[in-house]
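Presented sequentially are two complexes of subunit A, the first with subunit B as partner and the second with subunit C.
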Partner chain A sequence: MTIFSAVDYEDHELLQILDETPQEEIEVRDLNGQRYIACGWKNSKKLILRGTAGNNLGAFAEGPQIVVYGNGQEGVANTMSDGQIVLHGRVGDIAGYGMRGGSLFVKGNAGYRLGIHMKAYQDKNPVIVVGSSAGAFAGEYMAGGTIIVLGLDSNRDLIGPYCGTGMYGGAIYLRGNFPEHNLAANLSQEILSIHELSDIMPYLEAFAQYFEYPLENILETPFTRLKVLVDRPFAHLYTGFVS
Partner chain B sequence: MARSIMTPAFKIERDEDRCIQCGVCVRQCANDVHHQDEDGWMWVDDEKCVACQRCAVLCPTRALSIKEYPIDFRSNQHWTSPTIREIYAQAESGGVLLTGMGNPRSYKNFFDHLLLNASQVTNPSIDPLREPMELTTYLGNKSQNGSEGEKPQLELDIPIMFSAMSFGSVSINVQKSLAAAARELGTFWNTGEGGLHSDLLGYGKGAIVQIASGRFGVHPDYLENSAAIEIKIGQGAKPGIGGHLPGEKVSQEVSRARMIPAWSDAISPAPHHDIYSIEDLAQLIETLKVATRYRKPIAVKVAAVHNISAIASGVVRAGADILVIDGFRGGTGAAPMRIRDNVGIPIEMALAQVDSRLRDEGIRSQASLVVTGGIRNSADVLKSIALGADAVYIATAALLALGCHMCQMCFTGKCNWGIATTRADLTKRLNPIIGSRHAINLLTAWSHEIKEMMGGMGINAVESLRGNRLMLRGIGLTREELDLLGVKPAGE
Partner chain C sequence: MLLKEGQVRIPSGCAIAGILNQQGEGFDGGKIISCIANMHQRSNGLGGGFAAYGIYPEFKEHYALHIYFDCKETRANCESYLNKNFNIRLQEPVPVRKHERIKDAPIIWRYFAQPKEEKLAYEQLEESEFTARAVMHINAVIPGAFVASSGHNMGAFKGVGYPEDMGEFFRLEEYKAYLWTAHGRFPTNTPGWWGGAHPFTLLDWSLVHNGEISSYDTNLRFLQMYGYRCTLQTDTEVIAYSFDLLMRKRGLSLDETIHVIAAPFWRDINEEKVKRLRRVYASLLLNGPFSIIVATGNGLVAVNDRIKLRPLVAARKNEFLYVASEEAAIRVVESNPDEVWSPGGGEPVIGLLNGREKLLDIPQCNGPAARTA
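Let's turn to the complex of A and B:
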C-alpha cells in the first residue's frame, strides 16, 4: 500500500502520480476536490481517498474499488461499467449517470439527477444505495439496475420531484415515507414485507457493513418498490405512414 | 372496420404482357405488397408500398413500375397533397409523425447558388494526371501551447469521412461495408451511438466512436479501440431532441452491441444530463481525454441552429479538438417529421459563420471543422472546404452508394435493401464486399473530381483551398446572404 498526500497537487499532477503508482492499493490523503480520479480505469486497484473527491470520480471506469472518507462532488460513477465506490459522506449531482455495472454506496444525501438512464445487461446490474435522501430527477429515464434510498438520519424529503420520469426499466426502492406527488405517473408502487426484500438484501447488508449501521434498524421500516407500469411507455407515441 | 380515409401513396403497375409470374417481387417485398395466389395470379396491395423500388429493380422482365398514386386533391397551393395526408395520418393514429432520411423540402439550397473559380492565362491550371495533388488532411487541435507537445491528429487521405450511423439504425452489413471502405480509402467511419459490434472490433482503430446521451455500449475498451471519440450533442435532422430506437429493431445482435436487453426500447435523452453548460462539456471532454491518456482527438458534434457561431466558440473553448456541425438537411433513421422539416439552419450558412467567428476570435487553429448534412457530391465537398471546413462527413450519399432508394421509411426496420434493418434475412441482401466496393468507387470518383476542380483553380493542395472564399462566387443570392456567406457575387 502506497500512502501520499494530495495537498500540493493539481488535478493532472495527481492523476499522473496515480497512473505511475504500480501498487494495487493506494491511499490518498488531504484530497481537496481534484477531479477525474480513476477515469477510464480498467483494473481492480483499491483506492482509499481521504478528503473531498472532485467531479467525475470513477467515470467510464471498469473495476476499481474506491472508498472515500469524505464527500464526492458531481458525476461520481458517471457511465461506470464496473467497480465499486463507497462514499462515507454525500455526493453531488448526476451520480451514476448512465451507469452500466458495479455499485455506488453513499452514506449521506445524493444531489439532483441520481442514476439517470442506468441500464442493465446480462450480468451487469448497476446498484446505487443512498443512505439519506436523493434530490430531484432520481432514476429519470432509468432503463435497468437498482436504486435504493434509505432515508436514514434525514429530515429532508426522501426523494425530490420528478422521481422516475421517463423510466422504462429497473427498480427504485424507497424506505419509509416519501412525497407521492414527487413520483412520475408511469410507476407502480408495491409495499414490501421483510421477506420480499431478498433482491436487495445483499446490498442492504453491504451498506450496514460499510457504514457500521445496524441492519435491523434499516429493516424495521417497510420499503416501497417502484417499477414501470407499462414496459414500453413510448411505443405508441409515434406514427409512421407512407409520406 | 371502416376503410381508411388515407389513399395509397403509390400505385404499382404490372405489365401483364411482360410478367412471367416468377414471384421475385413477392419474395423481395418485406412490406407484403405483392401476393401470388394458388393459380399463379399476381396481386398487389398498393397501400403497403413505400416506393423503395426493390421489386421494380429486381423484376427480371422489367414488368413493374411504381408511380405516385393518381389521386389528385383539388388544386390548392396551401393545402398540398402531403399536408392533407399528414392530417389524415394523425387523425387516424394520434401519433407524432415519424419519418426517415433528410429534410426533403424546397428550402433554398445555398450549395446550388455557389460557383467555383478556375484559372485562365494568369495563373496556370494544374493537370492532376500529370502533377501530384495533395488531399491529405489532418484533424485535431493544431495550436502550439508552450510546453505541451503535439496534440493527437487524425490523418485522412481524402477530406471525406463516413458519418455516424449506429448499428441498430442501420444493418451490420452497412457498418461492415463502410468500415472496410474507410480503411481502403484512408479515412474513418463512425459507429454512431450503438456501441461496436464484435464483428467490427478489428475496424475499431479506423472508427470514430460516438458517445451520446444514452451512453449505449460505452466502456473502457470501446473508448480505447478507436481513432477518436465523438460526443454527440445534436443531429441536424432532429436538433434538440433525443433518440428512440424502437424495441422492434433491438435484435439479439443489437442488444449485445448496445448492452441493453433485447427487444427493449433504446431511449437517448434529449440532453446529456451531465452537460448543462459549456463548463460541463469541458469537463466531459477532459474526462474522456484523461480516460484515453490524451492519445485521441475528442470531437463534439452539434446541429446547426440559430446561434451556432456562439455555440461553436464555446465548444472549441471547452477543449474539443474537432467540431462537427450537422446542417438541417442531415439524414436520420427516424425523426419526428415536424422537427426534421422545420428546425435548424442550412450547413452552408452555419459553416461560413462559424469559420469566420473562430478566426475572429483567434481560436480557429484549436479545432478542426467538419461539416455534414446533405453533402451530395464532390462539388458540395469542395464548396464546403472553400467556405472553411477541414473535412466533411457523408452518410446519405454513402447509403445511396450501397443501394438505398430514398423511400424515407428507415424507421420501419423493413428496409428491402438490407440497409435500415436489423432483420437477418434482409441484412444479407447487402453484401458487404460489394457494398464496400461501391463506397470506395464513389469516393475514388469524388477525389478525382476534387483534384480536377482544384487543378482548374491552380491549387495543388486542399490545404490552400480551406477557407479560401475568393474561390467562390454567389449566384442568385441577396446582398445579405452573400455577406453572411462571406462571398462575392458572380461578376464582381
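Let's turn to the complex of A and C:
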C-alpha cells in the first residue's frame, strides 16, 4: 500500500500522482474537496480515501474499488460504468448521475437527483444503495439499473418529491414508509415479502457487511418495489397516438 | 498562445461561502479567505469579493459608502454630489496593498456619511430611502462611478481576480467582522468587471450568488417601476434589490420573501396567503438555478432555487454557522462541526445574531417625511 497526504500536493499534482502510481492499493489522507479523483480510471486499483471527497469522485470510472471514510460532494460515481464506491458518510447532489455499471454504497443520506438517467445494458447493471434517505428527483429519467433506499437512522422522509419522474426502466426499492405523494404517477408499487428480495439480497448483504449493520434489522421492515407501469411509456409522447 | 474559453474547457461554477458568529464577536478575514480559497477551482479569476459586517463600529451611525471610480475627475464629480446631499464625517481611500495578480484596480474610497437634514425634509424621505436613491443615482448617472456598498458598520470588498487574491489586496486580515460572506466568480453571460463582482449590496443588504437568473429581464422591469436602476450588468443585482423591495419597502417577512423568490410549484402551494404572494409578486420569482447567501447586520440567510439546481451545504459549531457551496470549504476552517447538512430547494438556512428576531429591522417612518409642514 502506498500512502499520500493530500495536503502535500496541489490538486492537479495529486491527480497525476494517483494516476501514475503503479501500486494496486493506494491510500490518500487529509483529503478535502479535491475533484476528479479516479475520474476515468480503467483499472482495478483499490483506493482508500480519508476526508471529504471532492466533486465527481469516480466519474466515468471503469473498475476501481474506492472506499471513502468521510463524506462525498456532488457528482459521486457520475457516469461510472464499472467498479465500486463505498462511502462511509453522506453524498451531495447528482450521485450516480447517468451511471451505467458498477455499484455505489452510501452509508448516510444522498442529496437531490440520486441516480438520475441511470441505464443498464446486457451485463451492465448499475446499483446504488443509500443507507438513510434520498432528496428530490431520485431516479428521474431512470432507464435501467437499481436504486435501493433503506431509511436507516433517518428522521427525514425516505425520498423527496418527484421520485421516478420520467422513469422508463430499472427499479427503485424503498424500505419502510415513504410519502406516496412524492412518487411520480407512472409507477407501479409492489410490496415485497422477504422471499421476493432475491434480486437485491446480494446488495443488502454487501451493505450490511461494509457498514457493519445487522442484516436482520434491514430485513425486518418490508420493501416496496417501484417500476414503470407500462414499457416505453413515452414512445408516443411527440407523435400523439398510441399503437 | 492563450487558449480562449471554448478552445479549452474550464470546468467551473461560482463559489459562495458565509460565516456568522452568532454572539457577534468579530474575527478577521483569514477564515473566510481560507473557505473561499478551498473552492479556487470553482472560479476563474474574473471576480472575487467579500462582505464584512461589524467592521466600522466607530462609525456605526453612518452609512459607510464604498465607492469605485475610474479616474480622479469622476471622484471629484461624485464627491460634489455627495457633499450636496450628505454630511461626510470621514473620507479616505480604502486601504489596499499592491498585488501581482490584481491589475487595473479602480480608485476605491470610503465615505462615512449621513444624509443632510434639509435634504431629507425637502425630499420627504426617511434616511434609508434617501440613501438608496443616492446609490441608484451614482450608479446610473455618474459615469465611471459605482457604489460597492452603502450599509451601516459593513462594507463590500470586491473586484476582478480570484477571491483569495482580492482578500489580500484589500488587507482583510486587518478587519474584524462577526459576519463574512465571500464569492468566487465564474462569469457566464455577463462581463467580468469590477462592478460585476459579488457581493451585490444596497444599504445593509449584501448578496452572493452561484447560478444564473434567467428571469432577469422580468425581474428588472418590475423593480424599475419602484425606482431601482440595474446598472451593474449582472443578473445577481436583481436579487439584492428584490430582497430590498420586499422586506424593507413592503415589510414582508423573510418567510414570505422566500415564498416569492423561490416559490414552490403551483401544485405544491396549499396556503391561500402563499398563492396571493405568488400572484402579486409573480414578476419577482427568480427563475433559474441559484444558491445565494443574503446578509444584513442581523445575520444571514442561505437559500437555493426551488428545485436545488446549485449546491449548498450548511454546518454548525458552537456559536458559528457556516454555509458554502462545498462541504470541503467548511471543513478547511472547521474540521469537526457539530452538524453538517444540505438544505433542500427553497428551504432557507437562517442564522441570526443572538437576540435578533428578524433579518432586517424596518426603518421607522417618523423622520422628516412624517413631520408636519
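The criterion applied here is as follows: the second predicted complex is superposed on the first by the 239 of 243 C-alpha atoms of A that agree within 3 Å, B and C clash if a C-alpha of one lies under 4 Å from a C-alpha of the other, contacts with A are read in each partner's own complex, and residues count from 1 in each chain.
Definition applied: a contact is a pair of C-beta atoms (placed from the backbone, for glycine too) under 8 Å apart; a residue touches a chain by one contact, two chains touch by 3 or more.
Only a predicted model underlies this, so the values are computations on that prediction, with no experimental measurement involved.
Using the contact criterion defined above for the overlaid structures, shared-chain residue A:A61 touches subunit B, although it does not reach subunit C.
In the superposed pair of complexes, A:T52 makes contact with subunit C only, with no contact to subunit B.
By the touch criterion defined above, A:Y97 reaches subunit B but does not reach subunit C.
In the superposition on chain A, A:H236 contacts subunit B only, with no contact to subunit C.
By the touch criterion defined above, A:H117 lies against subunit B but remains apart from subunit C after alignment on the C-alpha atoms of chain A.
Judged by the touch definition given at the top, the superposed model places A:R35 against both subunit B and subunit C. Once chain A of one complex is fitted onto chain A of the other, the partner contacts of A:A143 are limited to subunit B, with no touch recorded for subunit C.
Legend: residue contacts after superposition of the two complexes on their common chain; A:P161 is shown touching subunit C, with no touch to subunit B.
Which of subunit B and subunit C touches more residues of subunit A: that partner is B. Once the two complexes are laid over each other on the shared chain, residue contacts for A:Q84 go to neither subunit B nor subunit C.
On subunit A, the surface patch touched by subunit B in one complex and by subunit C in the other comprises residues 35, 55, 74, 137. Residues 15, 35-36, 39-42, 55-56, 59-62, 74-75, 78-79, 81, 94, 97-98, 100, 113, 116-117, 119-121, 124, 137, 140-141, 143-144, 166, 168-169, 231-232, 234-243 of subunit A touch subunit B in their complex.
Every residue of subunit A that touches subunit C in the complex is listed here, in rising order: 11, 32-33, 35, 51-52, 54-55, 71, 73-74, 90, 92-93, 109, 111-112, 135-137, 160-161. Contact residues of subunit B toward subunit A in the complex are 6, 8-10, 47, 49-51, 82, 85-86, 89-90, 93-99, 213-216, 218-221, 223, 244, 246-247, 255, 259-261, 264-265, 267, 269, 273-274, 283-284, 286-288, 290-292, 334, 336-337, 408-409, 411-412. Interface residues of subunit C, counted against subunit A in their complex, comprise 38-39, 41, 268, 307-308, 311, 313, 326-329, 331-332, 340, 342, 344-345.
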